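Each of the two complexes below includes chain A, the first together with chain B, the second together with chain C.
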Partner chain A sequence: MGLKQNLHNLKEKYKGTKMAPAFNAIHTFLYLPNEVTHGGTHIKAADDLKRTMNTVIMSLIPVLIFGMFNAGYQHFSAIERAQGITTEFSLFGSFLTWDNLWIGIIKVLPLVVVSYAVGLLVEFIFAVIKGHEVEEGYLVTGMLVPLIVPIDTPLWMLSVAVVFGVVIGKEVFGGTGMNILNPALTIRAFLFFAYPTWMSGDKVWVYDAVERTGTADAISGETILGTYAQNSESIYSTWDKFMGFIPGSIGETSTLLILLGAAFLIFTKIGSWRIIVSTFIGAAAMGLIFNGIVNADIITESSKFYGLMSAPFWEHLIIGGLAFGAVYMATDPVTASQTNKGKWIYGFLIGFISIMIRVFNPAYPEGVFLAILLMNVFAPTIDHYVVQGNVKKRLKRAKVKTA
Partner chain B sequence: MSKDIRITKGLDIKLVGEAKKSTTKTSLSSTYAIKPDDFHGITPKLLVKEGAEVKAGQALFYSKSDERILVPSPVSGKVVEIKRGARRKVLAVKIAANAKNEHTDFGVKKPSDMSAQEIKEHLFLSGCWPFIKQRPFDVVANPNQTPKAIFISGYATAPLAADLSYTLNGKELEINTAIEAIAKLTEGKVHLSVGKEEAIFNGIKNVEKHNVSGPHPAGNVSTQIARIDPINKGEVVWIVKPADLVVMGELFLTGRLNLTRTIALTGSQFENPQYVTAISGASIADVVKNNLNNDNTRIISGDVLTGNQVNEDGFLGYYDNQVTAIPEGDDYEFFGWNKPVFDKISPSRALTFSWLNPKKKYDLNTNTNGEHRAFVVTGSYENVFPLDIYPMQLLKAFMYKDLDEMEALGGYEVAPEDFALTEFICVSKQPHQKIIREGLDLMREELG
Partner chain C sequence: MGILSKKDAGLIKDPLFDNNPITIQVLGICSALAITAELKASIVMSISVIFVLGLGNVVISLMRNIIPSKIRIIVQLIVVATLVIIVDLVLKAFAYELSKTLSVFVGLIITNCIIMGRFEAFALGNGPWKSFLDGIGNALGYGLILVIVGFFRELLGSGTLLGFKVLGDPIEKTGLYSIGYENNGFMLLSPMALIVVGIIIWVQRSKNKTLIEEA
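For the complex of A and B:
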């Protein structure tokens, strides 16, 4: 009773003051508020936005933990490869080890902490200035951001990007629920376009690869997409790619865990299965088209597109950020299409365009985030036409009646 | 054309406190009140002054827009108070009932011998006109229009709704008489929707019957209209509730306006949820006497989704046949936003477990379970919204008051009650019914 009563008294005391939103944000984190219904329905369902966001975060935890181990695993295996040592892979012997986790703790956790600290600070400042409650949107964004950046992203760079993403990507439009672009992807795009030499190299994907460049201990940090883009064969097996023992952005590598997260989101009815499924369909369709072109000998091995174009279509689904984008990024309800029909079209085009960008842009073969941002912009247009269909049906009905 | 209507989208909210099928007669209350706000769309012009003696059925006020529309006194007695609010708006006309129980005699009439005009006049005079509501806009019907059809929903799906086959038992003659009368007011048909098992309507004639099944809002008349004969721009349909048909039928048969109704007392805060008979406008204290656990209780005249909050010293709504009492939820809940929830209803499965046991009855309180937020989640309203309308797009159009869009997206086809379920499940806790009500009022002003 003590804490509850004290917080209640504090809330009443600061009601209506400038700092009230900041206090309430922390208060409602501890306690479901004592608000009762006024007018309208007298009862409400159990779900609120916090619960919804929390569900998404829960589905991201396995991916995050995997990413922490993978950070270390990629670091050490790259060193071993550089030294010419080959060791047999075993899950407990070489992956789930304290050494690997330690790399994750010193490299990945700071990214998470900085992302949340900077992003929530911006949210609090805006909430206090504009006098509204702190909305929960950043809870998910803050978790997504560290998962879609390369491991060697400097913390200052991340901070700048988060401030940009939250202010320009969200707050200028009016805050959570009003933004056009997915804030997490806005942050990613900012990093990509503001620091291209850093972000698009082949070094940032593995911890320490950048530092060691040019020294005797140099290691490779190249992703599979980078390898394919240079028309070389990947050293990773399909099993590795599916399980995620490959270099890449922190959270995007393990297709298995992402699919488990997707299953959880769909089961809880939080994520839109329509978008997830149609994105994969779209990507597979584009992949098949490219495979067809290669089979028809239109593009031959001499072409610079050959490497990615000839990759079997199903492989496109498990490498790069496609799965992660489909499950966690494209499904953001604010920036996705809002109608059920629109969601099918929206998802399909994301998958389709992702693979197209991936193949035709060998300099930086990660097309997923650009495809999603592009479709974010077009989502209202898709919705417009879907809704117009409904409007036309209504008009037609009226006409039949009068005729 | 099939006459069966099957609804798949929706949600049955199962609550503790269903009324047992036994009826107690409540004693005559000392005071009754008629609240003009119950008659949405009518601006009252008073016909009586404080201190005036009135008979049951005698008009208390008329509508400013059409002076033929009268609202009657439910009982005989003395007007003791005209309660006014801000800008002298009339909030309630209170009548101290006397034991004489005098009725204005409107004369026994046979609808079959009357013309449409005569029936209208009779309904005006006796104060029965407000029972007829219209779509679009969900207001008391405009008598200058002719409806393309009249709809009656004989299927109650709202949470803990009164069982019509119990409350209307033995009223077949009254209902048939009333239907005979109102059928003359339309060029089209009278549609009656019934649930599969409700034998009570078997003897009702002169109507087109439709079997309705499915979860709430299958019983909402908008849902049925959309399936049977959707409203287009410029069309009007009228709606009458079965309980009001009984009153109208009795008027024709006996010449008296008898507003005695069978009221369901429902909800977990009643010791014995059951039925009582009471006259419209009765004081809540008398209706719930010796039955209510009034410790931190929300009393609602109507059901939990669409009813109005009343105090124990308040009065029964004019149209209501249900009083619900549920616990207030004005308490904090530690980590209520992320811990697993077993005792509340949820349309999702986000650590909420109401999906495990769809038959379970819940004791919900009035806590909002979260704070007001902008619209974020999409696609969830559609699961409980059976009309061929995009609910979120319509709500947004109603919020930014774009009349063209409101019209194009289906504003003529909805009533606030249709958005009760979307409001219930809304993650952002937006006041949907209020948005719709205000939007409809604006449409009525600008387009109607």
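For the complex of A and C:
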């Protein structure tokens, strides 16, 4: 008798007790359960919720590993900058090194572990109290959360935010599949509004920068958006921005790897290409409008919006969290629009509003998470009008035929 | 309760819990969101509403037989407005700083749905003593929620209670702050008051299932 049979026997034994959902969650995580559906013919498909979630997680692994290396790279290059040393960048010489990875291991992995431990604990508690099964929804959220926070986020803050996000963002609506807002972004929004000093500025993006403030070893690293918001030139090349060797939230920097992840999601048909493409189109459209305003000399260099408005529209697509938001957040099937036409509108507006908030938000030059949360709220409305429009069109056609 | 009959006691007790104006009837939300960032403001607001609603109910109840029903809303407004102006002037005279915190919301007690609601639903049809109890009960129910929300928002948002630094000093890093704790700025924003009220509603309805409405 293998482990699977043992687990199954145990499951039969404890059926109906309070801890059953918690046990079942562990059981089904490891094995396919022995139960089969009764009566009738069912469509057989292998892409259940768990496989969907695991696919998304797989597409996030490269981003996570890159983020771990980048954490160390930003730390050491900030120290070198502070000491006035400039070293030539080389992929294996200065980026993929053990020292960099070590910083990633001691700073990024704890965020991942805490995010999963706290989130799953809340899920288990709710499953036991409410007597339903533990759902896999948190598997992806738990991976997304550490990727969208600054590296120096204190662990207790993350825990508080995760509890808030899972309870208020998801469980009050009835758990996985019922939520209006994306839980990962709810967590991010909570952190942003609750502890703004830890979520913005030029210190939080580089490991150890907060600790060293005011000492002789002080270092800093501003995000590119932060630099532009102050109307200064960025020190990073376009290539760096695209590859992701820049300061930022842990997982958001590398546009290249995010696009690879997007290709994987589209290939496996987990992520909607319509949403991803239309988000980029929307962002480019807003960027072009701003570029046009600058070219028409309506906004001059003295304006505080000049730095962000004059950035070429394509640059907006590769800096900040736009790519990450478009690929991993906006495509969340629960909170996005369901209809195909609705997906185009939904994605376009996310991109459009993201860049608008990015330029006009004085306190924090990034708006992707706010734009996605806003559109999450509007997604059902968009779907409603798309469906109604379709109904009207068909009614009209039917009338013409009968008449 | 010796002084009150069982029915009269119910007039006070019901609005506190099972028929709470905020959590069950969902009235008076605006002020509950706006002024509960500090416990002190919540308490003063509660006392003001207790005064206005208790006295207003009695006045309306005394006049209930002589008010022509066509202009009753105007008469009610005049009564509330008079009482609110008294409260406003007293606050300005004796607690000027606090009246600045409460700002327009003292004046807006006039439009607080709970007050007009009780006048219409209770005082117009009952005697002065009962109306007084009903007014006090509803205002207490309103105040109870305000104080709970104000307590959590001030404690978690500013780390103080009634202005006392109960969690330590955030600038000198004493108490909880010495181990890295920080105030939650979200608590001071109005949306968080809505969420706190929502959590109270959630807890209350999961304790007493009869309160859950049919979907």
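In this text, the second predicted complex is superposed on the first by the 387 of 403 C-alpha atoms of A that agree within 3 Å, B and C clash if a C-alpha of one lies under 4 Å from a C-alpha of the other, contacts with A are read in each partner's own complex, and residues count from 1 in each chain.
Assume a contact is a pair of C-beta atoms (placed from the backbone, for glycine too) under 8 Å apart; a residue touches a chain by one contact, two chains touch by 3 or more.
All values derive from a computational prediction rather than experimental measurement.
Chemist: Report for A:P333: first if it touches chain B alone, second if chain C alone, otherwise both or neither.
Modeler: Only chain B is touched by A:P333; chain C is not.
Chemist: Kindly classify A:M178 by the partners it touches after superposition: chain B alone (first), chain C alone (second), both, or neither?
Modeler: first
Chemist: As a test of reading the superposition: which chain, chain B or chain C, is in touch with more residues of chain A?
Modeler: Comparing chain B with chain C, the partner touching more chain A residues is B.
Chemist: Touching A:R51 in the superposition: chain B (first), chain C (second), both, neither?
Modeler: first
Chemist: Using the superposition on chain A described above, determine whether A:F190 touches chain B (first), chain C (second), both, or neither.
Modeler: Only chain C; A:F190 stays clear of chain B.
Chemist: Is A:W156 touching the first partner chain B, the second partner chain C, both, or neither of them?
Modeler: After superposing on A, A:W156 lies in contact with chain C but is clear of chain B.
Chemist: For A:S90, select first, second, both or neither according to whether it touches chain B, chain C, the two together, or no partner.
Modeler: neither
Chemist: Going by the contact rule set out at the top, does A:G137 touch chain B (first), chain C (second), both, or neither?
Modeler: first
Chemist: Considering only the contact definition stated at the top, list the common interface residues of chain A for chain B and chain C.
Modeler: none
Chemist: Name, in rising order, each residue of chain C that touches chain A in their complex.
Modeler: Its residues touching chain A are 180-182, 184-187, 189, 195, 198, 202.
Chemist: Which stretch or stretches of chain A touch chain C in the complex?
Modeler: Residues 154, 156-157, 160, 168, 172, 190, 193-198 of chain A touch chain C in their complex.
Chemist: Considering the complex alone, what residue numbers of chain A touch chain B?
Modeler: 4, 7-8, 28-52, 54-55, 133, 135-137, 174-178, 267-270, 272, 274, 333-334, 336, 338-340, 343, 383, 387, 390-391, 393-395, 397-398, 401
Chemist: Considering the complex alone, what residue numbers of chain B touch chain A?
Modeler: Those in contact with chain A are residues 13, 15, 230, 232-235, 298, 300, 304-307, 309, 324, 326, 328-338, 341, 344-352, 354, 364-380, 382, 388-390, 392-393, 408-410, 420, 423-429, 431-434.
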